[in-house]
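Input: a single structure, listed below in structure tokens.
Chain naming follows the written order as A, B, C, D, E and F, and within any one chain the residues start at number 1.
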Amino acid sequence: MSGFTHFDADGKAAMVDVTAKDVTERTATAKCSVVMQPATLEKIMAGGVAKGDVLAVARLAGIMAAKRTAELIPLCHPLALTSVTVDLVGVPAGLAGGRHAVDITATCKLTGRTGVEMEALTAVTVAALTVYDMCKAVDRGMQITDVRLVHKAGGKSGTFSAP
Amino acid sequence: MSGFTHFDADGKAAMVDVTAKDVTERTATAKCSVVMQPATLEKIMAGGVAKGDVLAVARLAGIMAAKRTAELIPLCHPLALTSVTVDLVGVPAGLAGGRHAVDITATCKLTGRTGVEMEALTAVTVAALTVYDMCKAVDRGMQITDVRLVHKAGGKSGTFSAP
Amino acid sequence: MSGFTHFDADGKAAMVDVTAKDVTERTATAKCSVVMQPATLEKIMAGGVAKGDVLAVARLAGIMAAKRTAELIPLCHPLALTSVTVDLVGVPAGLAGGRHAVDITATCKLTGRTGVEMEALTAVTVAALTVYDMCKAVDRGMQITDVRLVHKAGGKSGTFSAP
Amino acid sequence: MSGFTHFDADGKAAMVDVTAKDVTERTATAKCSVVMQPATLEKIMAGGVAKGDVLAVARLAGIMAAKRTAELIPLCHPLALTSVTVDLVGVPAGLAGGRHAVDITATCKLTGRTGVEMEALTAVTVAALTVYDMCKAVDRGMQITDVRLVHKAGGKSGTFSAP
Amino acid sequence: MSGFTHFDADGKAAMVDVTAKDVTERTATAKCSVVMQPATLEKIMAGGVAKGDVLAVARLAGIMAAKRTAELIPLCHPLALTSVTVDLVGVPAGLAGGRHAVDITATCKLTGRTGVEMEALTAVTVAALTVYDMCKAVDRGMQITDVRLVHKAGGKSGTFSAP
Amino acid sequence: MSGFTHFDADGKAAMVDVTAKDVTERTATAKCSVVMQPATLEKIMAGGVAKGDVLAVARLAGIMAAKRTAELIPLCHPLALTSVTVDLVGVPAGLAGGRHAVDITATCKLTGRTGVEMEALTAVTVAALTVYDMCKAVDRGMQITDVRLVHKAGGKSGTFSAP
């Protein structure tokens, strides 16, 4: 009635029963940004070449977090992901609407009975938190923003593309 | 030199050595928002009273995630948190600058050698992802935004309050 | 020879090899009770309506624990559960043989090569432990009792129903 | 007001803030029984000497589970346990009020700010579930019963001994 | 180009996309040795009969670790293993080229889209670390050595047997 | 009597009780090597500069694994590590006794009641397994060898340095 799928008829929280759903290939892509001071972005980009690589550490953290989504999100199904990619790019303000940011994109895939939106969203979010962690000593005011699903395909609810 | 604390002198990723730091009481508060359609917020608020309670599930998910921060964020220290609180409030657009949102706040505490900013940020983020998960069947366009540290106290770097 | 399936021919502990088993739909239901003082049950039931909801927290804990069964029980196979439900009801003594209790039921489902009895038993047990945790300040003498499998179906060993 | 410590003033679930509590030595002991058919107990006891050792596997499972209590019980604090012991003994009916059972006892210790009752209860429960798992092929009707705290000491609430 | 499969075209770490791979039965066997003082091996073998059983504890640790491989190895896929066996045998120097050792073998199986080499290697390694942990009070100089894949079968890359 | 500390007086596996031990600063360093074909080492070293960085991924895996030692090794205490460093260096045969290898060193620190040898050993081992995972498509014959404790300090048993 409410349209929420994670409550049973009595309004109690429940994992959605996907036993009878078709096994199909499913994919989902999520994005977010970490907005920061110009000097912070500069240091990240310099480091990525010559010294410690913030973006490489955050990429791994995002990939590993995707695999743990069902432990973090209470009503998510445990899934055997077949692919996870996480990309991070530094985007100076001139290219990104006046703000300096690291933009993060994750895509997850699965051949299974339920979608992988939460895995993609978890991947970008933990990658973003890792960027924050590694840079917080120089910029505590960073913000993670625009965490969103941009595309999903496969399964009964069909394809979704963010406007 | 770079000011980044998670790289050693050769630029290699490392956990910061906090062995010699003082044991002090440390606290951190983080916030974020989940922006959504008016109808989605309405359903969440109705459900919170009469039926399934999205905000209660997300609160628990946030508390539990704070305890797992060191598993998710590669260079975070394992910490014995002494307090975690997570609050979620539904804020209709009239009260919140023209957007319908669930606002999330988490505060973590510890008596130890390192701060708990990442724990508070992880708590609000996973709580927000849980709101997304529970409502995604009715509103795939929700966005998690403004994930930020608003306050920290304790430790050598002192008190930080977001402007 | 002993009939125990988790030991090899030399009597050494081993995970049962299910590689060659059929992929079928499997379901299992387990139950248990948390026996308590009348005043404790009264507080739980009052709280479930007006204030904090012990049963809702315990339900979530049970669902999440079912997903982690293979981490807890050494020789369980990792499984991709397709459904977990946990129900908790307060039962005053007049309805339950002279004792005040919270009765807990969990049902797990899977399309796979091995059964989900341990997942259902783990779910009710962790839900019961969570009830204990939340109420222990007012009633340390609570007992968890009658943890049992009540039904299973699917797989070579067929259907089991407790007498 | 309700006496429940895991809800804040608004009735929302919260981890109890133990930041200001004293660091003292704390200990807790829990017990439970797994009741079974005489033939099942006989096989376990035979196996414990000559072949696979159900009780040894269950003991390890209980010890390892105690360390993961804070991951399973939503509002438990993460703790650095300093001692966990788990004992399992087979008790034939003649010695135990007419039922054949494996009796399980766990004791946990800590020097810290909060008690370890939940750790001891989690240890006996997971040990009992492991006994069930290893014997279920020969006796699906086993029941785990009388899970209870028998003793705790240390901390502000003082010593508790079950009647 | 490099032949490394865990980097994308830009040289960034990525989980290999196995979505399109065939579901086939896959198996892998790994081995390693823990080399130790003669007196240490003697104590282990004595204990395995009369008292505490180092090899039994290590076997369980290896089995449980195999199930957690994807949490430990950043780019491994989460897998639903259908079989794990771990064997440990004490080998006195006369039988093993002049060194006293515990030899460890693990075999993992799966019906799935990717191989289980890492699961078998993780199993022997964690079993070996557990032997070290349990005996380190009497022999800190033990070494784990010759950790290797000895056989794999199934999947596109076909069968591998170590020379 | 046996000198093994992880068994009680009856020979049953037990976590050592460290409740009464002094809180002191403890450190441990472990090492191991991954032996490989010359061409494999060449690719790793080339990749470390220009493209994907095997050693950086393995370093992170080792750091993260150190934090999970108590989940993997059954009788290890959960510890709040204050420092973990992992270093990997490629060593061509001319510099290393005729074999091409990646040499791995990890150092862990803690102010606590028990030592961190297992954490250091777990870190080098998981780092080595990660090297294997990332290179296995080009060299399945790699071996992890000489996993050993090279130094420990702090605690009652005093300082140990490998010969």
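Here, contacts are C-beta pairs under 8 Å (C-beta built on N, C-alpha and C of every residue); 3 or more make two chains touch, one makes a residue touch a chain.
If you're wondering where the values come from, they're calculated on a predicted model, not measured in any experiment.
Shared contact partners of chain B and chain F, listed by label: A, D.
More than half of the contact pairs of B-F, counted by residue number, reappear in one of D-E, B-C or C-E; that pair is C-E. The greater number of contacting C-beta pairs, out of the two interfaces E-F and D-F, is seen for E-F. As for how the two copies chain A and chain E face one another, under half of their interface residue numbers coincide.
One inter-chain figure worth recording: chain C and chain D are separated by 15 Å, centre to centre, where each centre is the mean of the chain's CA atoms. Centres computed as Cα averages put chain C at a distance of 38 Å from chain F.
One finds 32 Å separating the Cα centroids of chain A and chain C.
Across the assembly, chain B contributes 8, 12-13, 53, 56-57, 60, 64, 68, 71, 74-75, 79-80 as residues in contact with two or more other chains.
You'll find the chains touch as A-B, A-C, A-E, A-F, B-C, B-D, B-F, C-D, C-E, D-E, D-F, E-F. On the side of chain A, the complex with chain F involves touching residues 53, 56-57, 60, 64. Those residues of chain D lying in contact with chain C across their complex are 2-7, 10-13, 32, 43, 46-47, 50-54, 57, 60-61, 64-65, 68, 71-76, 117-118, 121-122, 125-126, 128-130, 132-138, 140-149, 152, 157, 160, 162-163.
Contacts from chain F toward chain D in the complex involve residues 8, 12-19, 21, 70-71, 74-75, 77-80, 112-113. Contact residues on chain F toward chain B in their complex (touch as defined above): 25, 56, 59-60, 63-64, 67-68, 79-85, 87, 109-111.
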